[in-house]
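Structures follow.
The following pair of complexes shares a single chain, subunit A, combined with subunit B in the former and subunit C in the latter.
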Partner chain A sequence: MKTFLNSKKLMLSVAAAAFTAVGVFGGDAAAQQTIKMGMSAPKTGPLAGGATVTHWPNVKLWVHDVNSRGGLKLKNGRAKVEVIEYDDRTNPGEAIKNINRLATQDKVDFILAPFGTGFNLATAPIFNKLGYPQLAVSAITDKIPTLTKRYDNIFFMLGSTSTFTGSVVKILKKMRSDGKIGNRVAMVNVADAFGIELAAAARPVFKEAGFEIVYDKSYPLGAKDLSPIVKGAKASNPDAFVAWSYPPDTFALTAQARINKLDVKAYYTAVATPFPSFKGKFKDAAEGILGAGGINPDTPELKAYFKRHKEVTGKDADYWASAVTYASFEVLGQAIEGVGSIDRKAVTEYIKQHEFKTVIGPVKFVNQNSERFWTVGQWQGNKFYGVSSEGRPGARPVIDKPDWK
Partner chain B sequence: MTRTEIRNFLITIVLFALAALIPLSDSGFWLSMGITIATYMVLSTSWALFSGPTHYISLATGAFYGIGMFTVGVGIELLPYWVLVVVAAVIGAVVAALVGLATLRLSGVYFVIFTLGLAELIRQIVTWVQTTMGSSSGLYVLTNITEPIIFWELLILGIIVYFIGWWINRSRLGFALRIIGNDEVVAVHSGINTAAAKIILFVVSGTVATIVGALLAPRLSYIESSIAFSPMLSFIVVITALLGGAQRLWGPIVGVIPFMLVWDFLTATFPNQTTLMLGICFLLVVYAIPNGFAGLIEKYSHRLRGRT
Partner chain C sequence: MEILLGGILLGGTYALIAMGLQLQYGVARIMNLANGEVLVAGSFGALWLFTGAQINPILAIVLLAPAAYILNYFIYLIFLRPLVRRAKSEGQLEVDSILSTFGISFIFIGLLHAIFGGEYFNYEYLEIPFEIFGQAYGVNRIIAFVGAAILAALLYIWLTHTRSGLRLRAVSVTPSSARLVGIDVERTSAMAFALGGAVTAAGGSLISMFDTFDASIGVVFTMKALIIVILGGVKEIRGTIVAAFILGFAETAVATLIDPGLTLAAAFLLFILVLLFRPQGLFGRQSS
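Let's turn to the complex of A and B:
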């Protein structure tokens, strides 16, 4: 046994020596080759919380994955990936400066897209001017056609505002026709850009579908006490509760709904519902809660992804944008390998023309927009399963939300 | 004009002309750095026009900046951009006059607290209007205005602010303000209409901040209230102005440039500890240069003159 171990050790050291020799004497160009990636996203400021769950761990994981298999395969050998990171302090001006710095000072080969709708839009002209492909993930807007027409290097992966509201309405319609809920919808929204946008898009769609909005209130971003909002919603005696909410209020509303026993068969909160910390906070009470996003976590690719994410970064991935963020890096990596060089123009063209195999399934861009994405998910057991999607298979049937425990 | 004034005038023109060449270089980084510096140069200088002589610390810059940004965001699909900049300036001036009338009879800490709350107040009003009017989409400002244009616009605005400042310093108004700053009771007894003098300056300062917001809106493309009405902006303006020295017209600019360069260096070098490093720098500044850079420069230039 011992000799075997020793021989293994010996083999290892011989291999290492051989490897070093190759590194020193032969092919030094190939061994030294690196691809420099730039990255600017919030580490401080209001958006830092979301970015530390969804964005930063995936940068780390992807770089780890690529480098542990030897780097990206180029025509002239393999190239390891090296990342230069900057904090944009949740300030768009700073984000623009960082992108400029990455391109003109650090002379990076590629830049990973920033975090947040406003930040992707603010930096889009710079990405475009400098000719870097921009795979925007955490950017949901109804202006995708306008933006892709303006910028021929931007790509969207997470869907548009109207598909989000549309699929919530679709789910409620189905529940109504199954006789599970009635017509009465209580709707609240955070009074900030995204929340206002979603609420404004939802109102006509609900009415068109024959729903009655019995309660319609907004609350300011950062509001601390949401119990009046939840009490008001409860007093309106709704069949469904829909909140176009942001991370802090998604938690606060749900906590209040539980205290005030707002029992509805359909309970929806938007951003951050798929966060592992949501399940961590509400435990069994999270069962049946609907939220923006979702994914099919039971595919072998995603099972492996969730496992690796936990191992490499020490954190759990969320059940929505985490995997899509990782997939956007995969797309970029595969496009670079497909072209075989760091020719940015060719890589952008390659992204437009080809289909990519990623952890979230195949990704193909039509007019620079990935038309396959998840829109609504639901906590069922220990996972947040996608229950509604555009073009992604494996959606689970919606369950009725049990009463609060 | 005296000889020193002519000399200073020429130096100013040369410096602005040199700054105007930045966009012609190929570096996008220095251009966006230039925009950040130019933004705070204009904001801090106009802040110091009011707060320098009167010693009233105003934290309302963010409020006016946000008004400018939202005016452009809301109106961009209805009116041409240049009209909106003018509209924003008018709205900013009116709001500044109203706020001034209501608060400048107060003094000291009451005024500081009110101006701090003003940005949040206006932000809530704006979102309330946005929610109730039910604008169907977010505020997108998609124009063809590029970074070099924005930079030149800010420089021109900077020059205008300088000349206003220079003119006020020479005028009876500037004299009145200095008296108010030294002792408001004396000023009143000398027959100065203190309220009017303060309001005029507050309006100038507020209008300039509103125009800056309007000029920067196309750079962001997507206007969010949390970013437009950021309280950080108001604080940075005060910090840079005091760092430079609010008593001199050129004080804020010698504060803004090193402040932004150091902050940027820290962000780039210590992306995970920026705030900590910034705090240490503040401590060093307070201990080492309590009178600001302007004080430091004047001290050394006096010494230099003493020798020759």
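Let's turn to the complex of A and C:
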């Protein structure tokens, strides 16, 4: 593998078939100075579907935005941004190799963080060793304190596993005390690191809050038929349904819940619920469905962002990590401008010390963790609104999920 | 009852996934690792026809199956026939075809990715509940099952009751003797391979009604198809169909009675048991 990955030319010819490297866009004025950004995330493999919605369009949008205003302002003039993209094929080994290659062979000035919790954790040591700041967005873990202590160059923006599950429980508690739901919770999860970790974190919190978990099952990633699980959940007669799910199963569970008329006042599915395609598929039936993330899409900054996202990339942004991903690039860009050069050490320090103005509002890192983030959202009308957040204003009240039509 | 019906519907889906590979592997002797990609291409084709021209996925088969037939015919002629000619033994052909089709699968992924992009796709077609014995099932799943049943019946009747079907079976059993009785083995193999592709694409079109898919999900289908084909006995389409339903029942029963998390384990346990006690597959004949 290593030998034929050595020359870029050869690499590109291989890429047509193997789809490993995808190309370079950005700077059009060759004479001008440029800042080279490296990027490794999935274009193929199980995580590609999520990355194509949340990650890649924002790389394109940010480069477009920066370059159309002339580039980043450095001490010695403006520099346009150029991006080198690699596909990690949803393979952590490949991701580490890509990062290494970006630093040592393409000699990029900065590397944008990869996509997915596992991938950010897997590449953290190499980012650290090479001395590149790593602004992890799509990474939710309870290991944030440990990791930030160990690596002085990693930053987190999307929250931790326990705040995530905690806020779902908080919402259910509120609904219970309002007399809308009872004590019975049906919980299912995808049997993979993400789902298992969230389910394990949720179990004691539900119990502590006095909820009874009446159905608690997992299903394998890529299962073709989720109707037994939904039928089982329905038979347990729950008041609330919570699924720690991944994109394909978020869709499949919801389709089955509708077919089987699993009517609960609180229905939660995790990843991909805030995707525009979720609304696209379920249309009015999406009303009242709770999901991971959320955002306040009605701020002027975000309204403009959603509009620009559609114009530049031709796609709709999702209602959660899309804008945060974009914000992470903004932070990096502003830090580079603040320092006025591509001194990576100084840029990392700058990120730690300053507050940044971004599309999602002000971002400030405390112990390398942005403590303001959204945790739960809900489809209300045509938008997915944040209904629970840590430190972000504008959360909407939760509505009862209407029965399936 | 719930398990029986659920199992039948899931079995139908599995039959759609596996029948094409059986033709390709059992008759044309190509262990086609790009099979899942052809299925996904069928799904994308159905999506494209449905969203672009309001052609429903069932009618879409009329367009997709012939297109897949032609495409697979050329894939066979260009990429695989040279391997067949060169191969000195069945084992060597197997290794060569695995490597070659593995590469072809990447070309498929690349093309689908370039054309449709990498996101998840699905669309909404007949996702309405239909009640049987008090339990609701998606109409689209029932249609997929009926489609699988029709396809299976057609294939079976064709293989057992027509001359060309007989030729196919002869090649499947012993290619060398088939040649002796005047069968053009190369052409028959090409036809079997192309037909397998067409069946797979038709399956993809039906499955796309209720599945969420993306450009690189094909390998999931390939693995399932492989298990089913080997479970049923490589050279018997009947075996594949029966195996698909057995797997469907087993998974639904385990999901309903024990734990949905164990469906994969159940499938592999079944697979291991068959490999241990009937290595030729449920319907396979002992090789001489």
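Rule of thumb we're sticking to: the second predicted complex is superposed on the first by the 374 of 405 C-alpha atoms of A that agree within 3 Å, B and C clash if a C-alpha of one lies under 4 Å from a C-alpha of the other, contacts with A are read in each partner's own complex, and residues count from 1 in each chain.
What we mean here is this: a contact is a pair of C-beta atoms (placed from the backbone, for glycine too) under 8 Å apart; a residue touches a chain by one contact, two chains touch by 3 or more.
Everything numeric in this text was worked out from a predicted model, so none of it was measured.
In the superposition on chain A, A:K43 makes contact with both subunit B and subunit C. Looking at the shared chain after the overlay, A:T52 reaches subunit C, while subunit B stays out of its contact range. By the touch criterion defined above, A:S218 reaches both subunit B and subunit C. In the overlay built on the shared chain, the residue A:I140 is in contact with neither subunit B nor subunit C. Legend: residue contacts after superposition of the two complexes on their common chain; A:I289 is shown touching neither subunit B nor subunit C. In the superposed pair of complexes, A:V185 makes contact with neither subunit B nor subunit C. When the two complexes are overlaid on their common chain A, residue A:V66 makes contact with neither subunit B nor subunit C.
Contact with neither subunit B nor subunit C is seen for A:V242 once the two complexes are overlaid on the shared chain.
Of the two partner chains placed by superposition, only subunit B is touched by A:G93; subunit C is not.
Annotation: subunit A residues 43-44, 46, 191, 218, 220 touch subunit B in one complex and subunit C in the other. Touching subunit C in their complex are the following residues of subunit A: 16-19, 42-46, 48-53, 56, 188, 191, 217-220, 222-229, 231-232, 247-248, 251-252, 255-256, 258-261, 272, 275, 277, 281-283, 315. Remark: subunit C residues 2, 6, 9-10, 13-14, 103, 106-107, 109-110, 113, 117-124, 127-129, 135-138, 210-217, 220, 224, 251-252, 255-256, 259-261, 263-264 touch subunit A in the complex. Across the interface of their complex, subunit A is touched by residues 26-33, 35-36, 39, 124, 127-128, 130-131, 134-140, 142, 146-147, 216, 219-227, 230, 232, 264, 267-268, 271-272, 274-275 of subunit B. Residues of subunit A that touch subunit B in their complex: 43-44, 46, 85-87, 89-94, 96-97, 100-101, 103-105, 117-118, 121-122, 124-126, 129-130, 141-143, 146-147, 150, 161, 189, 191-194, 196-197, 199-201, 203, 218, 220-221.
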